[in-house]
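Notes follow once the structure below has been shown.
Read from first to last, the chains carry the letters A, B and C; within each, the first residue is number 1.
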């Protein structure tokens, strides 16, 4: 039971990651290899705010602002130029890989490759008793936040004008344009939301490990991809369910096999899903080609 | 045969030749429209297969290398069968996952000596071997380029639906190229193992892929000569600029990739880019044509 | 070429559009007045779709002027032109397939206030009663004729000055085409100007006040609908 809760807690961080990536994939059909860096920069943003004495909620907002700003900047410059030229899918992948390397390099040099401590003050501490188990309050907070984020995103996408606009642009940017929707604005909104989710995930990771470094995001990038492949690329509920499942599988793998094995779980999930059911749990059946 | 070259230069030559094999293994996939990120994984499989067979089972080195090629091809075909039917992005992610599984697997399994790697591998691979192998590979690449096989690959890369409509068996070409690519990468890995005597899992990391992508895109996807020249050029540049190993090396490669994607997604020697350059130059009245 | 009474809502002057080296439209002059229905006729490939796509901003002209209510539209991004009142319902209906009919209509309304939107949707149901039963259906599942109705209704939700429709009769059975005709007549009656690009000349002339004939990117004839006798139609359009 304890393990399941652990799994759900880390899984809800994965869900936040997955939501961010699936949103961008759904609306822009781009797989952002820069997401891990956006996450890390967001975490550092919050760290700087905390170290300057700002209260935790403000620090988190600062982190979100940094991450959102970075995401929107990357898209409105490099990716917009690629879009104008009608670049193919791989060009976006390669460009975002290059950008990720650049961002990581900058971060590494600025922090001199040090691992910075991340203070847990101001975050929920200690356990709370639930169903006869001692559950860390922090984990519950993470889980609750992810679920709220998912619900918020679902409501927004399905019941608001902006959400409808986003779905329209995702389906056909040209038709949306003819209906008076500004696609570039929609892209900026998508990246802002995605960045905020990434920063949130980054902060939670930093608090869990009580540290943050330039490489905090590395492994999480492929975890995010595993989440959306498992859940179905472009699906919001898929990202949440996929994330939670992946988290639980990893915890069980650590306990029953080894912690080393749990490192590969995300990659194995990708391979297995591709072999068995490429469109994932909730994805549209558009995975196969010709 | 190449002993007259000073030792350090010979070392550079060897490394560059192996890099060329790796780049070509990536290039041939690209020329068929396949974006795979598994190169490092296949190199690892190749290196370890040969190293283990030669050090633990006393196989002769040439046989070890052949075994590596065989394992690489087999793995590529097994992986390709389910994945090559899917959209490109799934190949990209799946191949990345495959490479990670392979490398992490190697790092954690007992008989590979885990993270410590294998040492004391017989280093029978000489510059002569490498030159010969690369020459053969490039010859084959040129033959492919001029043949129906090559034209079919190009058709698939440019417009797979039309290619299929023309009667080209897209899936078969993809499987064939993927198998060849995997075999070549595995061979490069095996050759490297027998060049340096030591291999360990951490040399097959994502950074290797980024470097290869850079060489390939800077050189251009349309003809093998571009990436080969780019590989040589970068090696010379790296030696003279002392970038390698510094903190900014990743930044340098990353920014080159971004710039190349923005200017010329098919590479700097691609027709689209050279035509664009020509048009820019033709507009300047002071340059007589 | 005879204009109509009142001010021109849409005025296109000397419009030239290129596709690379090829000229798709050459020196097009076109005027639409208030509450006027104008048809653009011509064979396949004549440039009708190019004309609509250029006015709506999806394509940039090489030369010429486009004025909506005397405001220049050239160089504006397409979404701004749509918001300014020129709403283009493209070829092939362009439904946002995963969204329902209601949601598609809501999208068309753009920035109108919520209560307005609800009232607008009610109006559309009045105009197109056959849609009443399909409001909750995903747009991708509708028949061709139903999609065409939704496309027109969706465009009208924006309360446009000019509604431009590209090939509304394409792929539809004659019975359905009649229903679409009926819908278009209601649009004109409600006061919106109409720009209709159609290969089916007879259909278009039944609805429009005036027509332009486009062949190989140039206007070869224009005039009131009653000037287009049968032989005229035959010679240009078959």
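One rule holds for everything that comes next: a contact is a pair of C-beta atoms (placed from the backbone, for glycine too) under 8 Å apart; a residue touches a chain by one contact, two chains touch by 3 or more.
What you are looking at is a predicted structure, and each value in this text was computed from that prediction instead of being measured.
Among the remaining chains, B is positioned farthest from subunit C, on the basis of C-alpha centroids. Taking the mean of each chain's C-alpha atoms as its centre, the chain lying closest to the overall protein C-alpha centroid is A. Averaged Cα coordinates give subunit B a centre that lies 53 Å from the centre of subunit C.
Averaging C-alpha coordinates per chain places the centre of subunit A 31 Å away from that of subunit B. In terms of their C-alpha centroids, the spacing between subunit A and subunit C amounts to 43 Å. Taken residue by residue, subunit C touches two or more other chains at no position, since every residue touches fewer. By the touch rule above, subunit B contacts subunit A in their complex via residues 35, 82-83, 85-90, 92-94, 96-98, 100-101, 104-105, 108, 160-161, 164, 170, 210, 213, 217, 247-251, 253-258, 261-262, 265.
By the touch rule above, subunit A contacts subunit C in their complex via residues 161, 164-165, 167-168, 171-172, 174-183. Taken together, the subunit C residues at the contact with subunit A in this complex read 56-58, 77-79, 82-83, 87-90, 94, 96-99, 103, 106-108, 110-111, 154, 158. Remark: subunit A residues 31, 78, 81-82, 85, 87-91, 93-95, 97-102, 104-106, 108-109, 113, 222, 225-226, 229, 233, 258, 260-261, 263-264, 266-268, 270-271, 274-275, 278, 286-290 touch subunit B in the complex.
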